[in-house]
Amino acid sequence: MREKLTYALGILGTLVMLFNLNTIFGDLPDEAMQGTIFRIIFIHVPAAINADIFLFAALCASVAFLAKKNFLYDSISVACIEVATMLLLLNLVTGSIWGRNQWGIWWAWDLRMTSQLMCFLLYLGYLLVRPAIAEPTQRATMSAFISIFAFADVPLVLMAIRLPNVKTQHPGPVLETGNLAPVYQGPFALGILALFLLGTALVLVRLHQETSRREIDSLRRELHSF
Amino acid sequence: MRAGFAAAFAIARKDLQTELRTRESLTASLSFSLVILVLFSFAFDLGREELYAISGGLLWLVYSFAGALIVNRSFARELPNDCLDVLVSSPAPGWAIFLGKTVAAFFLLLIVELVSLPFFGLFYNISWWQSPGTLLLVIFLATWGIAVVGVAFSAVTVNIRLRELMLPVLLYPMLIPLLLGAIGTTTALFTRDPEALKSMGSSIQLMIVFNLIYTSLSLYIVEFILIV
Amino acid sequence: MRAGFAAAFAIARKDLQTELRTRESLTASLSFSLVILVLFSFAFDLGREELYAISGGLLWLVYSFAGALIVNRSFARELPNDCLDVLVSSPAPGWAIFLGKTVAAFFLLLIVELVSLPFFGLFYNISWWQSPGTLLLVIFLATWGIAVVGVAFSAVTVNIRLRELMLPVLLYPMLIPLLLGAIGTTTALFTRDPEALKSMGSSIQLMIVFNLIYTSLSLYIVEFILIV
Amino acid sequence: MHAVEAENVWKYFGDYPALRGASLQVNKGACLALLGRNGAGKTTLLRILANLSRPGKGEVRLLGLASHTPEARRRIGYLGHGIGVYDDLSAVENLILFGQLLNLDNPRETALNALERVGLSRVKDGLAREFSRGMRQRLAVARAFLHDPELLILDEPFTSLDDRAVAVLQKLLQDAQSRGATIIMSTHQIREAMELATDVALLERGKVAFAGPQTVVMLADPGWLYRNHGAPE
Amino acid sequence: MHAVEAENVWKYFGDYPALRGASLQVNKGACLALLGRNGAGKTTLLRILANLSRPGKGEVRLLGLASHTPEARRRIGYLGHGIGVYDDLSAVENLILFGQLLNLDNPRETALNALERVGLSRVKDGLAREFSRGMRQRLAVARAFLHDPELLILDEPFTSLDDRAVAVLQKLLQDAQSRGATIIMSTHQIREAMELATDVALLERGKVAFAGPQTVVMLADPGWLYRNHGAPE
């Protein structure tokens, strides 16, 4: 059942993605100011938004783990954070490329970029700490703690371009201010959907792996304890 | 509640007492911060203007490195002889243990910071004493933040291999918003740039919000991580 | 002698194997160096010109911070289960143990440095690839120096409390001549300032002499440190 | 009312169950020797009883109270593998600190009394770091017995002690027993344990395989319990 | 020629003499139980014999060689409190590494044989970190016995082991004895030690207070030695 769902989501996500790429490169007009490079927005922003969605899911799972001590929540939390970290990286890389194209430098130290990079590094830290804790219950508990603490950075990233008295090099919000031209809105939404479906499929795969790894671990422990 | 605060007080006093008695991590952290101050001045060969422009950053870099060393020992201090077990199995609640250790770390950090501040001024020719009150406020706020987040992570990483490495990896990114505020205000206080001085209010607000969030979060959550 | 080198090789391989197997300390030191890179650049919000002027210093500060943490683990890795006792009581001579551990630390450091170099270039907008040969030579020399001195101190401090504090406090001052050489040459290579490029030769000589002195001294003296 | 009631306690380390439904009742005033092979789960069970670890499933009641309540914690004394005193504090400072944590009325006086009992009054201001192993163990015992706990939980207390240190500990345990305290201790030295114990429990792979009063046959033949109730190789 | 000759060995920790002129001769093929109260200096003496520590004064000869020579070191096996194997290597990798350090001809084969002897061949590729306490101890024993050393130095080897692990260790020790190896082990479990030992030595405050063959009276009455040769309280 789970397997079928995983496949279905994966295939659906790929289809939506392909369809969307086709529209983006085939049908959409170049943006007036930036030209072709503007199309990177359909990866750049969906990656960031989906990363935040998965991080939020991980936050909920972490809280649930602390409350219920059920290892399933721990697995959900790692799986989500792994996918989210990849998406964060995607956002950083596309942003970097975009910046190179628009500003001539790969990186500027404004609040948006710095906080997003920190967000990435924090969750990378989460993924690093896990294998360093040998005892599984402790590993899960400490990870949950880190995940809860780290999530505080997410609102900061979101607020970075919306605070009144912070100057950033990064463009201001376009979604809620309606600065995005209507032609772009459809592909934009589909871009978010595609990454969401693909991300969820990946989470399910990782969840499955995590569960079987725990089973294997326990069998090996059993074998090694006579 | 009363009993909790009494326990927190006892733990804080114990931490400070042992630290001041052996003076080990205190002197080490102090000399470490002096060493990096010297190292920085070797590494960065800058003019006066530029030095002033980065003075706040320098100061808080040094402080956060020294701070990581001190908070790293906070829970690690309980490891020899399994003292942590005794603390946890005592009737003192988790938040009291955490509070006690945070207060102790706060004061230790403060000592290191206040002692190395004049050296900083000396090495880099910076006049830091112009508005002592505000500077002290900024130092207090940022130090409390470093102590709270640091001690919380010290509890998380106390049992893992590579503690020395993992703690800063987790801690520094987490502290960025706080350091942002601290660096901005400190540079403003050193350079006395009127523009910068004006925006100090919001930086201080940021630091207060940061401290409130993480202090309450830690106090609430620490019970779950001390007993696994 | 032959047996000694065989033992050194076995120990170096063991250190690299365990490190690369768990990959923890490698990834941890890598992200540590990334985090402080970010922290530095964030603390020193400088214009491009001035950044170039301090780029060498920045790079070697990051490298020596990460290096201290890596070499710190060199002998500490032998503490769990009292493995150090087994090494010392084995027929392998002291210098072989030291050599094996230094070689392992050297390669680990090198990996971290080479991996973080592109990020450094990216974050600071510095073109570091202009004379790869010389840069590599400088990195090799300085890294060997950090490894030798660091592992020697790691052997000295392995049994005292506060290992993690003592090591940087002792290590950095000791490394200052080496770092000065490395910083000078690296900055010259990045800025391509003709003046600075000319004086590179003597800096490299300085580093070579430093390495020769400390390598021979350590190899000779370590026997007395390991068995007390 | 039992002093300790553990019902169907499970404890997972990851997916590996170190305790698989262990149940144990200990009567008030009893002295239970908890036996079991390496890895049977003795330490795990004792840590759960001392509230140092949470059970995955199951319930533990100490002296009629839920085990995590401060009242329960205040009435137990725990001595694990580590001695649990600070090296950089003096003997009396250590005990005063623990007295404060236990919220005692007069920590200083209690501390001095406890030092008297274990024969350390002479060196009460010496730092724990300078004590010899035997003296450190005495200090640890004084710490665990500081508040005259009604329930004592001891993990391999006799390991590596010499004859004199064993005598001090045995004396204190007998005193505690005679004032009605309950004792649970794990051990591998079956013979020594049997001399003190009134009850015996055997853990086998996370389950209680045997529990009952101590009998003459166990005293005479230390291997009997394992042969009759332990798992075959 | 004695297997171990320690003459007038002194060892200071700072100003404190942990050993104050200890002298000991052990015959080839003997099994010596080294007894003594906490802090008497047993561990200190054994570490000096294993060349882990230098004596302040005095001389130690092992198997007729000066103790710090590589030849002497190659012929001894040491097992201290720690098990001395790497958690992140597998069982066989651990033994191969130690075989290389000992400069054996065929480390891999020797390692596999050693694992066979302690009954770990089945899990030879498992990481030591995942082994249970009993298995880790077996691995440690395989490590110490890897090169069939002529002199075995063991510090409290039976502490905290269960009946099965004790049996494995005893079997290996008997094997070693029967091929002529010399054994020195410290212990607090006098009764268990006496069952194996041929000789007994008592350390008292850094001096050897008694040394001689094991006798029936010691076997029957574990307290005898301390009562007759130990210092009064």
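Chains here go by letter, A, B, C, D and E, matching the order in which they are written, and residues are numbered from 1 within each.
The definition used in the following text is that a contact is a pair of C-beta atoms (placed from the backbone, for glycine too) under 8 Å apart; a residue touches a chain by one contact, two chains touch by 3 or more.
If you're wondering where the values come from, they're calculated on a predicted model, not measured in any experiment.
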item: Intersection of the contact lists for chain A and chain C; value: B, E
item: Joint neighbours of chain D and chain A, given as chain labels; value: B, E
item: Greatest separation from chain B - chain, by CA centre; value: E
item: From chain C, the most remote chain by mean C-alpha position; value: D
item: Separation of mean Cα positions, chain D and chain C [Å, integer]; value: 48
item: Rounded Å distance, chain B centre to chain D centre (Cα mean); value: 39
item: Where chain A and chain B are represented by their mean Cα positions, the distance between them in whole Å; value: 31
item: Multi-chain contact residues (two or more partners), chain B; value: 161-162, 166, 169, 173, 176, 180, 228
item: Chain E residues counted as touching two or more neighbouring chains; value: 132, 134
item: Residue list for chain A, restricted to those that touch at least two other chains; value: 114, 118, 121, 125, 128, 132, 134-135, 137, 221, 225
item: Inter-chain touch pairs (all); value: A-B, A-C, A-D, A-E, B-C, B-D, C-E, D-E
item: Touching residues on chain D, where the partner in the complex is chain B; value: 50-54, 70-71, 73-74, 76, 78, 80-89, 93, 97-98, 100-103, 143
item: Residues of chain B defined as touching chain D within the complex; value: 3, 6-7, 10-11, 14, 17-18, 21-22, 80-83, 85-93, 227-228
item: Residue ranges of chain A touching chain E (in the complex, touch as defined); value: 134, 220-221, 223-226
item: Interfacial residue positions of chain B with respect to chain A in the complex; value: 149, 152-153, 156-157, 159-162, 166, 169-170, 173-174, 176-177, 180, 199, 202, 213-214, 217, 221, 224-225, 228
item: Chain C residues within the chain A interface of the complex; value: 22-24, 27-28, 31, 34-35, 38, 41-42, 45, 122-123, 125
